[in-house]
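Right after this note come the structures.
Next come two complexes built around subunit A: one with subunit B, the other with subunit C.
Let's turn to the complex of A and B:
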């Protein structure tokens, strides 16, 4: 059943989107290679900053959440509602399929980014990274942050989609909250202000491959906050389903 | 029930509008909070803020509300399996499309009015209102905004506000028709939302952030230059008054031709695409 759900995710728009993103990124890296070749690796570290994270958000909102309202779109909802444990089990399998799918996507983008940047990289590079660790460790940390952010975002989006039974409402809520991080300018952000909170509090900061916290306490706070959002989404989704007599 | 009232009721039954509106109001409150100043500068700053509100940030909210509300307007019947019934109306399809266009206009009017009301209430509570009959040329806006509002000194404050307001209703109407046009081609509200909203956001993103980055000359000329013109003469520019302030009264016909021309083209294309489908 998991395989079947995964097959539903690997559809034409996914391949088109991935191809378009990687082509655009190749074009950008090619231009960097022509005009400022000393910045190729620095540029490749910036992949998740804008293009990668936006593509990931698009894939989650348009392809993964589509899985959760497939029954409504194909008028087979009543069949699943009638099945004993059918609804809950199906939701879990779909969530699992979504997480595996996004994990594969992140790995694909990471490998492609590495291959393209290594292909263009002809000279030794001077890199400036925010933390005092080696470049491969920073790169791995970035990918880990993207994976954690994307998985939390999928959990939240799928619960909203399951609760409202509407993909467009999910796109509005998750898309607008995701976009706030790009609008808020980090240079003008003070710690513990509302802007700071909005910039980092809705998964997108993690999906942009940025390190969420400077200290351990801050990290603990953000882990608590993101777990809390996910739990609220799961509980609210279940409550709505119970009210509709679906569970 | 009158078909017009029915369509209006249908529009306001979309949950997306209310959710989008709540999020927009939240972000708008945040914006007001971040620009809030306790010092009362007097009525000059009230008018300055009101005139600047839409070109600075207000047009984002108007665009979001238009995309959120109108992307479901045409695909709704198809999504709930209602299309066959529409085909059974006498002159139904023709009447139907005209009423939908009217709904787009009413919605645009409502959204623009709502955001102006919010701006007036907020800035009215922070600054003092007055001097509405003073000519704009006398308050010397040019020193503050460089060339902004340089040619419109013959307007008084309230006249310019009215001019902006009416212009924005028609600009919003044009953008709404564009969303309807895309929705006729795609017939899936989520995709329409992502395509129209994404196009608007990407152009904003290009113009505000990427254009400032050092991306190399080829990329700058190959992508940035056309993107800038699409931004300026597209819906981003139209809603953010990119050329409104450059138009003097004797040249106002250019603006009218531009806005009404885009409306006419959109309506023409909507009718062609809608009429292309088989009729009963």
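Let's turn to the complex of A and C:
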């Protein structure tokens, strides 16, 4: 079952999107290599900052709509709902498939980014990283942050998509939540201000490879916050789904 | 094995799709007959637990089907009115996918899918993608998926839509063969399908169940109510709005008509043996012309 759901996701647009992103990134790194070769590794740490995270968001929305709206578009919804595992279990399996798929995608992008930057890296470099840890540890932490952010985002997007069964509504809601982080200026952000929540509260901050919290209690707060958002998305999705069936 | 519909009502905003429907179904084939919008599909969706009734309930062996949940759906095969399949999948792969949803996986699923594709005559195209299939072929995939889990209850909403006469006959024979130990409910606009295979006919009009009888009983009740006569065209045109016409056959300046009427409609009228089509016109006042 899981295998068949995963097979549904490995489609042409995914490969085209991944290829386009990695080609563009290669081009950017090549330019860096030509003009500022000493900044290659520093640049590679920025992969998730814009291009990587936006591509990931696009892929998440693409696979979520493929997983949860394909039934409506292809008129198979009633057949599946009348099948033994068609109601609760199917959603869980699809969510699991989405999580596995996005995990693979993050790893693929990470490896490709590493390989490309290593290829261009011909001289020793000085790196500036935000935390007082080693570069490999920082890199791992960044990837971990991206994975957690992407998984949280896919859970939220899946619930919205499964509830509304509409591609446009899913894209608007999720795109808005995701985009907020990019339009909020970090410089003007004070802790617990509205901008702070807008910048960090909706998954994309983590998907940009940024470290969400600088203390343990802050980490606990964000875990609670994101769990709460996911729960709201799950409950809202269920409610909308019930209402949709009633109408 | 009894499927019981108890006072089921379904309301969409201010419109009643079903009004207080009650009936009991045991082993056999039940034909659901009614015009478009009568509530047949709504009733079928409620029977499959895809849709919840506004009030009332459906029980299987005295237990509410919504409580039975997975256990009920495990013994259910359903073909909806607008059946579709993943176009990017092959027929075999789609059946394996539905099989997995029904709890059939591995070799069992492959064997079952192959058998059913053979049964519906799609064995030779099982490796081809569904996007290249005709409407009738997709419908046959739908019939096959409904039978995948060897269901005890089979609900088919217009299963013969898009099938050619040969396929319809093949399908009817499949259903007859299955009906011994199953509850089969099918709705169709092709009255002859019901005439040949249904053990009982349920007539639904404007959300209400108006009759539930065997075809023989319904036909016997129609004795003396079906007439044929030949009229000249002028007389026919003058009277046609007053008749419940079943069929007209224009022959030069004369028209041979078949109609249903409680009383002899014309001095030339001759009483004939009723058919299911006459029942449809009689109950649903369907003005064909």
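The rule we apply is simple: the second predicted complex is superposed on the first by the 239 of 247 C-alpha atoms of A that agree within 3 Å, B and C clash if a C-alpha of one lies under 4 Å from a C-alpha of the other, contacts with A are read in each partner's own complex, and residues count from 1 in each chain.
In this section, a contact is a pair of C-beta atoms (placed from the backbone, for glycine too) under 8 Å apart; a residue touches a chain by one contact, two chains touch by 3 or more.
In this text, all values refer to a predicted model and were calculated from it rather than measured experimentally.
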Which superposed partner A:81 touches (first subunit B, second subunit C, both, neither): second
Which of subunit B and subunit C A:34 touches, first, second, both or neither: first
Which superposed partner A:143 touches (first subunit B, second subunit C, both, neither): neither
Partner chain in contact with A:58 - subunit B first, subunit C second, else both or neither: first
Which superposed partner A:4 touches (first subunit B, second subunit C, both, neither): second
Of subunit B and subunit C, the chain that contacts the larger number of subunit A residues: B
Subunit B versus subunit C as contact partner of A:172, first or second or both or neither: first
Partner chain(s) touched by A:182 [first = subunit B, second = subunit C, both, neither]: first
Partner chain in contact with A:164 - subunit B first, subunit C second, else both or neither: first
Contacts of A:195 with subunit B and subunit C, given as first, second, both or neither: first
Overlapping contact positions on subunit A, where the subunit C interface meets the subunit B interface: none
In the complex with subunit A, residue positions of subunit C that touch it: 12-13, 45, 48-52, 69-70, 73-74, 76, 78-80, 82-88, 93, 96-98, 100-103, 105, 142, 145, 149, 155
Complex interface listing, subunit B residues touching subunit A: 15-16, 19-20, 23, 27, 30, 33-34, 64, 68, 71-72, 189-191, 193-194, 197-198, 201, 205, 214-219
Subunit A to subunit B touching residues, read off their complex: 27-28, 31-32, 34-36, 50, 58, 61-62, 164, 166-169, 171-173, 175-177, 179-180, 182, 194-195, 198
Subunit A residues touching subunit C - in the complex, by the definition given at the top: 1, 4, 8, 11, 70, 74-76, 78-87, 90, 245-247
